[in-house]
Structure formats: C-alpha cells, structure tokens
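Shared chain: chain A. Partners: chain B in the first complex, chain C in the second.
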Partner chain A sequence: MILLVVWSVTPFVWTAQTSIKFTRDVASKTPVLWGYETTANAYRNFWLDSDDVNMWGVLAFVLVIAAIAAALGLIGRRARHGWPWFLGATAVICVALWRFPRFWEANDEYDFLVNSVVVTLLTMLISLSIGLLAGYGLARYTGISGAVILIVALGFRALPRTAFVLPYFFGAKEIDEWLTSTGVGSWNFPLIDFPGIDTLQVLDTRLAIVLALVAVNQPFTIWMLRSFFIEVPKEMEEAAMMDGATRLQAFRKVIIPIMWPAIIATGLFTMLLAYNEYLFVRVLAPTEWTLPVAIVSLTGGESSRTITEAAAASVSITLPIVIVIILFQKHLVRGLGAGAVKG
Partner chain B sequence: MSTVTLKNLVKDYPNGFRAITDLSLHLDDGEFLVLVGPSGCGKSTALRMIAGLEDITSGDIYVGDRRLNDVAPKDRDMAMVFQNYALYPQMTVAENIAFPLKLRRVPRAEREAQVRQAAEILELTEQLEKKPAHLSGGQRQRVAMGRAIVRHPALFLMDEPLSNLDAKLRVQMRADIAGIQRELGVTTFYVTHDQVEAMTMGDRVAVIKDGILQQVDTPEGIYGSPDNVFVAAFIGSPSMNLYEATLERHEEAGGDRYSVVLGDQRLAVPSEVVAERPALTEHLNRPVVVGIRPEHLEDAAVVADHPDDQRLDATVDVREALGAETLVHFNLSAPSVDSGDPDALDELRDSGRCTARFSASSTARVGDRARVNVDARHLHFFDRQTHLAIRS
Partner chain C sequence: MNRRTFWWFTIPSVIVMLALMVFPLITTVWLGFQKLLLRDLNNPEWVGWDNYRDVLSDPEFWAAVQFTLVFVVVTVPASMIFGLAVALLLDRIGRGRAIYMAALLLPFIVTPVVGTLIYEDLFERGGLVSWLWEVFTDDAFAVSASNVKVLIVVQYIWYVMPFAMITFFAGLQTLPEERVEAAALDGAGFWRNLWHVTLPHLRLLVVFVGLISVMDAYRVYDSVFVWTGNRFTEAHTLAVYNVRIATAFDIGRLGKGNAIAVLTVIGIFVVLIPFLWRSYRDQIAERT
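Showing the complex of A and B:
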C-alpha cells in the first residue's frame, strides 16, 4: 500500500519540485533535491507571459474572487432558495473575468484553458444525458437486444483509442470537404451567428473533440449508470406512478435524485477523461488545443527553461481537478459504494 | 370510494406462462378483500394489473362504472403500499407523505395540514423530519401507509405490506391497518401469502392457486366449508389433516349406519352428516378424501364423555405445549393427500401424519399410546379425483 502510494506520488512531487526551481538547478547533472532556491518564475511565464506583472497581486485577486464566489455558493446551499446566491456567485466570477481581460487576451494559454473547460463541460453534459437515458432504459429492459447493445458497447470500449482516431479524422475531413464543396459551410444562419466564425467546419473545432470524446466515452457512462440504475428498486418508479406521476416525472423527481451520487461519480470520471485527453485533441484539432496538448508542446524543445514552465503548467492544470474531487469526494465514495439507495 | 369489479381477467407472459386465468371478483364499496395464496400463485400479478403496472392480456377492470384497462396508473385514483415500502430515500417522512399531493398541485398549506392529519392517525408526528433510512421497519411501513391514505383514493392496493416485519410487529400492524381501513372506509384489495392475515383482516377472503381462483367467502365461510382440498389445507394453522379413506354403509334394523375406514382403523360417521350430504352415498365403498381439523381431535383422557366408535388410537410422535393448548402429532396409518400447496413442508406430506389440538390439561407424552376423540360431525369430505368438496 505504502509502496503503491510512493510509486504514484513520486513523479508528481518531482514535477511540482521542478516547477518551483530555477532553471540552473533543473539542468544540473546531479539532481538538486534539497535546499534549492524557489521561484515562481515558471508560473509567471506560463500564465502571465511576462516578468514584470506583480504575480502575487494577481494570485491574491484570483483567490479573493474565488473566496467570494465560494462563500456565496455556501450560503446558497444553506438557504431555502439557493438560486439567487448561486447566480450572485456566477456574476462575481463573470465580472472578474470581464474586468481583467488583459491577461487572457494577451495570452494563448487562456484560449487553451477555455477550450479545456468548454470541451470538458460539453463532453460531460452530452455524455451524461445520453448515459442516463440509455442506462435507465437498459437497466429496466431485459430483452435480448438490450444485452447485445451492452456487449457491443463494451467491445468498442475495449478497442484501442488509436483505432478510432484516423477514421474520425478522415470522417471530419470528408464532412468539411462536403461543407465547402456544396457551399453549406458558408451559409449564414441568422440564429446561430457565432462571432468570429465565418464558415462551418468540423475539423479543428472543439465540436470535433467533444463528439469524438463522447463517442469513445459513452460505453463507460452507459455501463456505469446502468449498474447504478439496477440498484434502484423498480418499485421506486412504480410507487411514484401510483402516487400520480407520469413515467417522466417518476424518472425526474424520484429516480434522478436517488441517482445523484452515481451521476456525480460518473460525471467526474468523464470529466477526468475529457480534461486529460491528448491524442484526439492533437489529431482532430491541430490548432484548437486543450491544456494537455499545450503542455506537451512546451516539453518539445531542448531548452530547460521550458521544462520548468511545462512542470508549472502541469501542476496548474492538476489543481482544478484536485479541488473538484475534494469537493465531491463524499459523493464519489457514495457513488462507488452504491447500494445505499435501498433505504 | 367505490366498487371494484374484475371480469375474466387473464394474464399471459411473453414466454407463454399463464399467470392469471379467468379471474372474476367483485369488491363492494368499503370492503376489505384479501387475496391469499402460496408464493408464485399470481396474486401479486393480479394486484399489479389492477394498479396498471402490468398489462392485461384479456378481461376488464372496472372501478364503479369506469373501465380502467387503458388508463395510466397515475389516473386510476388508487394508492398502493409495496412489500418493500418503496419510500423515497432522498425525501423526509413529511415529503414522502406529501409527494402524491404535490404531484396533484395541492396548495402548500392544505398539503401540510393533510400530512399532519395522516401523521397523527399513524402516530408519525415525531418522525416527520427524518429520512426513511433512520426509521424502524414498523415506522417505514406506516410512512408507506401515510402516503396511501393522505390522498383519499378510491382504492387501496396492498402487496404483502407486513411480510418484512418481525412477528410481533406484524400482529400489531395487522390490527392497525384493519382499523385504519375501517375508519376511512376505503375499498381495499390486500394481497398476502399469510392465511392468518387473510383470516384476521379481510371482510372476505379470496383463495387463489396457480392463477386460478379457488374460493371467495367470508373468513368463517372459507374455514368452515372449504370448496376443495387445497383451500381446506391452506386455510387454518395447523392445517387440516387429509387422508384417503373409504366410506362404508352398514345396513341395520334401526336405520343405516356409516363409517370411514382410515388405514386399519374404523371411525363411525353420524348419520346426520351423511344426510346433509346425499351425494356422499354415490361414493360408498370407494376412496374419498376425508379432512379433520386439528381442533376436532381431543385427548380421550381429558374428555371421557364421547361415543366410543368415534375414537382413534395413535402413538404420540411429537408434543408441543403452547400453554393454552397442546399440539400433538401422531401417525395414522392412512395415506395422506397432497393438497397441492407448493409452500407446504415436505415432512407434512409424510404419509399418515396427523396433528391434533389437545387441551392444555392433556397428559399425553411422546411414545404414549393415546385414544383420540374425533368430533365426527365436523368431518370434511372431498372427491378423490376432482378434490372438490362433497357437500350437497
């Protein structure tokens, strides 16, 4: 057990150390493990792209905003009607982002961050929506075709990722060529007129990444949610229907609330997958990178200066995930432990 | 509140299994009908068909004059109590009970008043803010009841609501549920495999086996004159002793006398018993099924005043002193009859096994040779082929 912990933690500690070292220590032949001078230069370089900004001021500002948002969120959780507080928290964050555009306009990293967030959230949303409906259906339907769907889904999950990448790539390319050749791509849709997008395309968009990730991840969400749905006794929705609910109401008001821990657990796994994805992003979106791809690009060169920057970036992108997991770990454990629904 | 009529209800499962065959029943307004049968006899299926949770293969269900076959469960105005209660774990007791009202958009103030009223009837006032996980089995059962009574439905459906409780609580809840039902006067369809529940709770009892209705009658009627061997054996605990025996007639000057031959013993049958059942004479000298309830057997040492030809001799195998009475098991060397109850213990099918309910003052011990008085006026006769009662 201890060995296992050491085994998995050591590389991360090494990375974290690298991120706060001066380049000369990182580059030295004998590793400098203790007593090195620390610096935040790497973080400054990665996130602020300049040496002259007061980094601690920025950090303090971010922390204050985060604290205000968190406080509003906490009050919202306790309050009888939580939504005004949550709305307030969202507003604070939005205002902060809007008032301080000079960082994220000047710097590519923020595009990658936004890409990461968008891809992750969309993948989670689509994947969970499909997974919930399909998982529920497959849990309740016991016919032979249900079993076939499940086995096929598992089969696809078992195939290596690389088997999907090229077909997706060429598929997307075909669509793009069709869009261009027929002129559909340059139509103007009055209602979905995205700023900055002149032509519709699939390749090299966040859409392509999301679709590919959803496709690869769907078997997992369906299987996981289905196993949770099976744990929910059929009498639950029957009782709801006898109490006067439609099938949909029974699903929404009784089954989904019981399933929350499971949904959160499944959502977290999906989030991790989407957030950490490298291969699909690299192939399907040559320029619309997400953070992992951006980091790898830093390690490409031989310069040891970018090594510390890559390490700093790695640590930075890990933090949000760690925070989310800590916030939801109670649900995660409950979700994985399941069976708790039997009341 | 309303009447319920089932007309020739049939349920076939896709695999060809027929769960319910031609079930017809009628419940009067406010009546408590218990459907009882061994496990897997289709009684829950029948209940779920009434609830709308199970498709109807053929036949009709009416509440009042309204045909409900194609009405969604939510619109049937029925409340159901499930075997595992099916409480919503994420809601408090109050929210659980209020849920049906909430779905009907009852205003909050009225909702709360009704929940409080239901909680008072069920003695749940202290528990209203707790989650189901923190309640005892009996309390959960009452919450399930609360969810049913709060909306004053046309019909209560109860699917073995007491089977998850321990024996003592079950006895108490049995009385409570029956009391609440009588107080509210809501027509109730109650399903159980426990014949004691059926006898104690129901205004009428319907016995079902393999999806076929066997008999519907008051508890007394079912117990006193069962229609066939299965009902005879299923209702009553300990159950009726059933043997293959031969009925013989002895022509004498003072009128004919009758007796049954039980193995190697002979038991006189009072002539009025045969007179009440003229059809019995068609079975003379042929095997019939004879049933004797345990309480119609008594230790001859306790009650000496008994016709000598209405006695049997037997060796006591097992003695169970229950305080108020003593159950004595012995073996009559007569072939037993299989009633067809799949739940019956195999050892009870041992040939010739007989259970008697003796007075507590009986001193019969294991191994004793006992004389047993048989109250022959209460013998039951059944056709050996059809297992139907010979009554007329």
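Showing the complex of A and C:
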C-alpha cells in the first residue's frame, strides 16, 4: 500500500518541492532533497507583475478567503437547507477573485485563472440544468425514441475531440465573419457589453469554450443523471401529482431535493472536464486562455527559471481542484458506482 | 410519462446535441472533401477523395495508427488489472481508507497536461528518476525518441489507473459479504474466490470500465502532446497527428485534418458498433 502511494504521489511531492526552491538548488546536479532555503519567488513571478511583493501578505489573503469559504461551507453542511451557505462561499471566492488585482498588480496569468473559473462555473450550470431535465425525461419515458437518443449519445461519448474541434473552429469563424459583414457584431448589447469587448464575436471568447464543453459533456451527463433518476421510485412524483401538482412542479419540489448527491457527483465530473480542458481552449481561443494552456506555453523554454515557475504554476492549478475533490470524495465514489452499474 | 412531456423535458439537451454534435460531424465529413488551408479559410475547393488519398499514403498516418493501437492494447488491460488489484487491496484496509484513496486518486483528478508535465519533470535533467538512474548506471537519463513511447504508456497508466480502481472499489462495496464467506467455508482460496465470486459480481463494471477506457485511450491527446510536442513526432497518436496536420502554424491543412478525423471516427465505430447494438437491444428489452 505504501508503495502504491509512493507511486502515485511522488511526482506531486517533487513538484511541490521544486516550486519553493531557489534556482541554484534546482539546477544542481545532485538534487538537494532537504535543508534548502525556501522561497516564493516562482509563485510571484507566475502570478504577479512586480518584483518586490511580500508573498506572506498574498498567502495570508488567500488563506483568509479560504478559511471564510470553508467556514461557510461547514455551516452549510450542518444546516437543513445548505445551499444558501454554499452559494455564499462561492460568492466570497468570486468577490475575492474580483478584488485581488486591486491589492496586487497581477499578471496575464491572473486573467487566465479568472477565465478558468468563469468557464468552469458556466459549463457546470448550463450542462447540469439541461442535463437534469433530459436525464429525468429519459428515465421516465418508455418509448423507443428514448432508447435511440441514449444510444446515439453513447456513440457520441466515444468520438474524439478532433472530430469536433475543427468544425467548431470553422463554424465560429464563419459566424464571426457574418457578424462583421452584417454589422451585427458592432451592435451594443447592454447585457453582454463586458469591459474589454467592443465587438460581438464567437471565436476567442469564453462563450465558445463553454458551448463546446457543454456539448461534449452532454452524453455523459444525461447517462449519469438518468442512472440516478431510475433509482428514484415513480411513486414519489405520482403522489405529488395526485395532489394537483404538474409534472414540472413535482420534478422541482419533490425530485430535485432528493437528487443533491447525484447533482454534486455529476457536477464534480463536469468541473474536472471543464477545468482540465486543453485542446478546445487552445484551438478555439487563441488569446482567451485558461490555465492548462497557460502552463503548457510556459514550458517551451529550457532555463531553470521556468522550471521553478512551471512547478509553482502546477501547484497553484492543482491545489484548488484537489481540495474540492477531497471535500466531496464520498460523492465522487458513489457517483462512479451508480453511473457504472447501469452504464 | 407521455410523449409530449418527454419531449419538453428532453428538447434542450437534444437541441444542444444536434446543433453542436450532429451538425459539426456532418461539417467534418463535408470539409474532408475540401481543399482548405488555415491561412485561407474563405476559399474551400471541392477535391473529392484527394484528401483521403493523401492521408492513406502518408507514412506518418500509419505510424500514428500503429502507435494508437499499441497504446490502447497496452494501457487498457494494464490499467484495469492494476486498478482491480488496488481496489481489492483498498477493500481490505480498515483504517485510513479515505486518506489512501485520496492519495491514489490524485493522478486522476489533476489536470492531464499538468500531471504529464510534472511526471515528465522526474525524467528530465535534474529530475528525481534521472538522478537515480545516473547513480546506478553512471549515465544520465534523457527523454529520447527511443524511450518516449514507453514513458507515455507508463505515465498514462499512472494517470488512468485510479478510474478503474475507484469504479471497481465502488462495485466491491455492493458485494454481499455472505457470498464471500460461503465460498470461504467451502474452502475456496483467494484466487478461486476472485474468479468465481468477485469477478462475476463485477462483470458489468468490467465491461463498462473497458469500454470507457478504450474510448479514452483511443482519443488520447493531452498527455501525448505534452510528452512529444514537436520534438518526437514519431510518437504521435492519431489525435495529436490530426491536430498537428490541421493547425500547424501557417501550413495547417484543415481539409486533410478533417479527413483524418473522419477516418478516426470510422475506426472507433468499427470497434463499438457491436456494443452499441447490444446496449440498444438492452434498452428496448427494458421497455417491454
């Protein structure tokens, strides 16, 4: 068992170590395994745009925000209705992300972090809302068309990204050209008039990435949610409908409240997919990167400075996702079990 | 549930899949017949089967096919057997199981490009493995064209094993205790127990994990791209080769890229159609 843990964890420990070393220790021929001086230079270089920043301050800021979010989350777990607390925790993190550049001058990488967060949250939201409806419909309907949809979706689950990314790219380009040629692109839409975006376009926006991810994630989402819905006895919503509720009301008031474990499990997988995506982002968004693309672009050079920086980047990218997964590990395991038994 | 309600519930998802999966797939087939360059997207020109002829006579394509097949054939069984073994081990551990599981899950949840980068770091100059290698053999270890394929395979197994492990582990939790005990009373040893009790119980899961693993290994992109980049093009899998042809700076051939994508899709469907057909029969059977 110990050996297995060593096998899976060693690279992480090594990288975490590298990220806090000085360049001279990293470059030395025999690795300096302990007793080295530690530094946060690599983190500073990766995230911030200035050379004389006390990183303890940044660390304190991050820790305080994490502590507040964790406290809210813990209260939410105990409370009868947890979701306002979870929403609060998310809001605290979002506000912190938004205000951070006011305190410290951040690099481009910081924008990529924001992109990552926005893309992940939006993908989860859209994917789950349409997936829940479809998963429920597919679990309850007994006609042949349901079977056809499921099998076609299963087939799409198998297709490589490469079959989609090129037409997406081509399509987005065509839409953009149409937008420019008709002048629609330069209209002012008050609601989507984000700062920094003067023209309406598809290519190289977060929207393109989110749409692509929602689409490729849909087959998996409906299969997984369907397998959860099938476990729910029909009598539950039938009782509610006897009392005069419509199907949609019964779905919202009776079924959704008991589906939280399923929603969390599916949401976790969606989160992993969106946060980890590399290919779509690289092709569809030449400048609006997310973190995985940012870090790959860092490793082009060979100097030791970038080795520590890449290590620092790896650690910063990995930590949030690992924390979330460890918090919800139980749901992840159960989700795979349920999705698998039926799959 | 009647038909109408069903469609109301399902339509958003169906529209998304039609617009963003069926339609792009048709576009892919259409673009495969065009001569289309990345730097000149406005002038597609119908060239019939030219792209396909071009692809099929490209030795790099056949190298990519070969490596992809080897990759699937090696990583899928290896990660499944390894995963099953770890799941059985994990099932016997009483204390600290959650901690072990978290540690073992790490490679699977980390962003694949990041996971590959940090794994690669061990083997690069100044990395842990590279250094150990030097201590024992006096030769510095370097990632090279001759060993990069092995490293890709090993790293992929490292990355994907937790998926098999956690699914089998979840399945083991539903194995009735009495059945194992009954078998043990009859004098069944570990292996016979595994073969006659545990594996039949996990049968469906084995099919499921196998299917998913084949799909994912066949289309692997992230980790192979990070290992090879533009250095070791001979170790490219189909997906990496495909993207390289289509989007290479300035000379990207979108038409040819789409032809490769179509061939890739046909490849996976040849393998999958029996499974899809069986799942369809199961679905129909469930409904009557």
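Here is the rule we go by: the second predicted complex is superposed on the first by the 266 of 343 C-alpha atoms of A that agree within 3 Å, B and C clash if a C-alpha of one lies under 4 Å from a C-alpha of the other, contacts with A are read in each partner's own complex, and residues count from 1 in each chain.
Everything that follows uses one rule, which is that a contact is a pair of C-beta atoms (placed from the backbone, for glycine too) under 8 Å apart; a residue touches a chain by one contact, two chains touch by 3 or more.
All of these numbers come straight from a predicted model, not from anything done at the bench.
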item	value
When both partners are placed on the shared chain, which of chain B and chain C touches more of chain A	C
Which superposed partner A:S181 touches (first chain B, second chain C, both, neither)	neither
Contacts of A:T287 with chain B and chain C, given as first, second, both or neither	neither
Touching partner for A:E235 - first (chain B), second (chain C), both, neither	first
First, second, both or neither for A:V5, with chain B first and chain C second	second
Footprint overlap on chain A, comparing chain B with chain C	340-341, 343
Contacting residues of chain B [partner chain A, same complex]	51-53, 72-74, 78-80, 82-90, 99-100, 103-104, 132-133, 140, 147, 151, 157
Chain A residues within the chain B interface of the complex	233, 235-236, 238-246, 249, 254, 257-258, 260, 340-343
Chain A to chain C touching residues, read off their complex	1, 4-5, 7-12, 14-15, 18, 26-31, 130-131, 133-134, 136-138, 140-147, 149-168, 170-171, 173, 177, 211-212, 214-216, 218-219, 222, 247, 272, 275-276, 278-279, 283, 291-292, 295-296, 299, 304, 307, 310-311, 314, 317-318, 321-322, 325-326, 329, 332-334, 336-337, 340-341, 343
Interfacial residue positions of chain C with respect to chain A in the complex	1, 3, 5-10, 12-14, 16-17, 19-21, 23-25, 27-28, 31, 41-42, 86, 89, 93, 98, 100-107, 109-115, 117-119, 121-122, 126-128, 131, 158, 162-163, 166-167, 169-171, 173-174, 204-205, 208-209, 212, 215, 218-219, 221-222, 225-226, 238-239, 242-243, 246-247, 254, 257-258, 260-262, 264-265, 268-269, 272, 276, 279-280, 283-284, 287
